[in-house]
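What follows is a set of structures for review.
Shared between the two complexes below is chain A, which has chain B as its partner in the first and chain C in the second.
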Partner chain A sequence: MKITVAQYAKTLHESVKDKSQKEIPEIISGFVKILAKNNQVKNSGKIIDKFSDIYNQENGIVEAEIASREVLSNMLSNKIKSFVKEKYQAKEVILKNIVDEKIKGGIVIKVGDELMDASVSKQLRDLKYKLSN
Partner chain B sequence: MNKDHIIEQLKKQIENFETSTLTEKVGTVIEVGDGVAKISGLSDVMASEMIEFLPSEASAKKGPGGIFGVVLNLEEGQIGAMILGACEGIKEGDTVKSTGKILSVPVGENLIGRVVSPLGVALDGKGQIQSEKFYPVEKIAPGVITRKSVSQPVQTGIKAIDSMIPIGRGQRELIIGDRQVGKTAIAVDAIINQKGQDLICIYVAIGQKESKIARIVAELEKHGAMEHTIVVLAGASDPAALSFIAPYAGCAMGEYFMDQGKDVLIIYDDLSKHAWAYRQISLILKRPPGREAYPGDIFYLHSRLLERSARLNEDFGGGSITALPIIETQAGDVSAYIPTNVISITDGQIYLESDLFYKGVRPAINAGLSVSRVGSSAQTKAMKKVAGKIRLDLAQFRELEAFAQFGSDLDEKTRQQIERGRRTVEVLKQGQYEPMSMENQVVALYALTQGFMDDVAVEKISVWEADFHKYLKSSAKDVLSLIAKEKELSEGVVKKLEAAIKDFKDIYQNGA
Partner chain C sequence: MNERTGKIEKGLKDAEDAQNKLAEMEKKEKDVLTKAKEEGQKIITAAEVTAQKNKEDLLVETKQQAEKLLTDAGKKIEEEKNKMIGEVRSEVAGLVVMATEKILDEKIDVSKDKELIKKSIN
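Now for the complex of A and B:
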């Protein structure tokens, strides 16, 4: 039977859970050996991504992508952080700031597959749609 | 209007503009090709939900509303969706938004007289179609308690059909035959014949040549038949996804009128191309192929569509949808996969034969293989009376036709039957775009079956018949109106009719 990327990630997560720092390197090297044996090293990138998804979910960590026209100030970042924290009831929020000139202003918050578009370009688009109808 | 006024108005509109920011579910395109996209994300999406592709350039160009798609496959890590529109411009990594709506189309009176795409967008250049009501494209057919058996006829205006293969309102009658034998012509004639009557017609063109549709629409307009007709067009160059949803969309538009208690005639031209479109989508979505590479649910594809044709009983409004699906066979092979499927779903078929067509029998209906399983209960009494003999005459003629070559060696009775058969075939011939009213059909067929045409030469039958109708129209109008009103051949009517026929024959012989 073919073992999927998700299954590898889940197994790895379960085996390192609640283990001490000393044990972990040993488990990892064993895991990599299995990957090599099963010709799955090429998928290691995907497994790492999946692993971090599972880890974040277990520990209440939310990754949020914030697109803005200019780099966000510290104060704004903290405000957004607390907003996301409250909305998703997360213990910790990791913010990733992307600078995108196309949005013209405002911010676009993306968490997982949920998107909040509060950009100027979206509002202009809505206005154009309303005026043309 | 001066410029200040315009600016003032614009200002007002902009002042009133409100925008809100909502949390939306989004996904990203991982793969796109051949009208089908694979998408990751969109965790809460429903099956057959509409999704919106927001290609970076297109979204800026068109405002809200990029290209729509429909979710077909829900898999563990990804979604398979078909794209309803041009898939050029969609690229990997593009954002896809869910709409939370099942795919639906605009419906309503505004659509009548228009040529629209399967999504209800006007294609005839007569301006945007405003409609408040939307109906879902996929809908479960009316249940058994809402239905009633057919009782009212659909007059197609074609003698051969109205007499031998009658169609009732709410029936599903398949039109089947090779290419170029006049399948569409029958459907178009049926639409033209509804002029001034209470039937709303929907012509769904699936994967048809746009030139053919332009010709049909022009012809319908010429005969004033667009006033009660909606044309739903998915052209040959449109994506397969549009061909796939076209019949369902057309049916949804019809269901609106059925719910209003009206009667609808819907033509699916043709379901073979519909099956091809669905096969294409299914194969690209990697669903396992079955016989003739069609997917496993190809039967359900057509059965769920045709099941939506119904005659509702009075408690549910009493509306109806009559369906005339068309199937194109390859070299007369009715035992291929799709034709057998659709034959088994429908309530009968009109079988057109290319041999007959080339012999000059047009419409090229094979009376032996064509049946209508429920239509006879909807036939008018007058028609029933004259039509019963025609089937018999034709069947006997077909049996004896082979002997006809022996000419003089035949006994009197056989010769008579052959002669009658020849005249029957001749009377049932009918030109395109020349539908005939019920009462005219009845009188012509009455004259035929009662032997009034036996002394007219076979070649002259069509001229004789045309003159006969002209004579009745000018000199014996009361007979025609009586039949039209009573829909029955009572003794009084028969007497008057026979007198009229005799009068006409006297004049005709003396004149000729």
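Now for the complex of A and C:
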């Protein structure tokens, strides 16, 4: 039976959960050996991503990708963090700010598969659509 | 005398028979002619009916083709019109957006951008 990426990630999470910092490297080393034995090292990136999802979900952590025209100030970053925290009922929010001049202004917030597009470029696209139809 | 009388009577009888045969043949000929005329008339009538039907069918078909041509032409004109309107609209929309974009590029400075961001998360 083939073990899925999600199953590997879940197993790894269960293995390191509640373990001390000292014990973790040894657990990881054993896990990598199992991956190598099962010819699954190629999927290690996906397994780590899935592990992060499980870890974040369990610990109420939300990762948000914010696209803006300029680098966000600390004040704005904190405001966005609060917004995301409230919207997703999160304990902690990890923000990743991506500078994208093409959005022309405003922000685009991406959390998981959800996208909140409050950019100027989106409003321009909407305007063009309305005028064309 | 008797022999002569017999000859005469036979002659008369032969003449009468010949007359009867002629009459019978004439009747037969007349019957054949009548029948031929009737058959001929039937053929003519059938031909006329077929010709009339063909004429009507052709007329209906021609009418249908003409109607289809008109409908198709109407549709094509409508499609072309809509396509043209769509193209013009799209062109105008593109120009409006381009102009708006240019204005916004000049108008949205750092502080305006901050305001926009704040508005979107409030």
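The rule is simple: the second predicted complex is superposed on the first by the 132 of 133 C-alpha atoms of A that agree within 3 Å, B and C clash if a C-alpha of one lies under 4 Å from a C-alpha of the other, contacts with A are read in each partner's own complex, and residues count from 1 in each chain.
Methods note: contacts are C-beta pairs under 8 Å (C-beta built on N, C-alpha and C of every residue); 3 or more make two chains touch, one makes a residue touch a chain.
As the structure is a prediction and not an experimental result, all values here were calculated from the model.
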Room on chain A for both chain B and chain C (clash or fit): clash
Partner chain in contact with A:49 - chain B first, chain C second, else both or neither: neither
Partner chain in contact with A:23 - chain B first, chain C second, else both or neither: neither
Which of chain B and chain C A:115 touches, first, second, both or neither: first
Chain B versus chain C as contact partner of A:70, first or second or both or neither: second
Partner chain(s) touched by A:128 [first = chain B, second = chain C, both, neither]: both
Partner chain(s) touched by A:79 [first = chain B, second = chain C, both, neither]: second
Which superposed partner A:105 touches (first chain B, second chain C, both, neither): second
Among 333-341, 459-467 or 495-503 on chain B, the segment whose C-alpha atoms clash with chain C after superposition: 459-467
Overlapping contact positions on chain A, where the chain C interface meets the chain B interface: 116, 118, 127-129, 131-132
Residue numbers on chain B that touch chain A, as the complex places them: 10, 13-14, 17, 19, 21-27, 41-43, 56, 59-60, 63-65, 77, 95, 97
Complex contacts: residues of chain C adjacent to chain A: 86, 89-90, 92-94, 96-97, 100-101, 104-105, 108, 110, 112-114, 116-118, 120-121
Interfacial residue positions of chain A with respect to chain B in the complex: 6, 102, 110, 112-118, 121-123, 125-132
Residue ranges of chain A touching chain C (in the complex, touch as defined): 68-70, 72-73, 76, 79-80, 83, 104-107, 116, 118, 120, 124, 127-129, 131-133
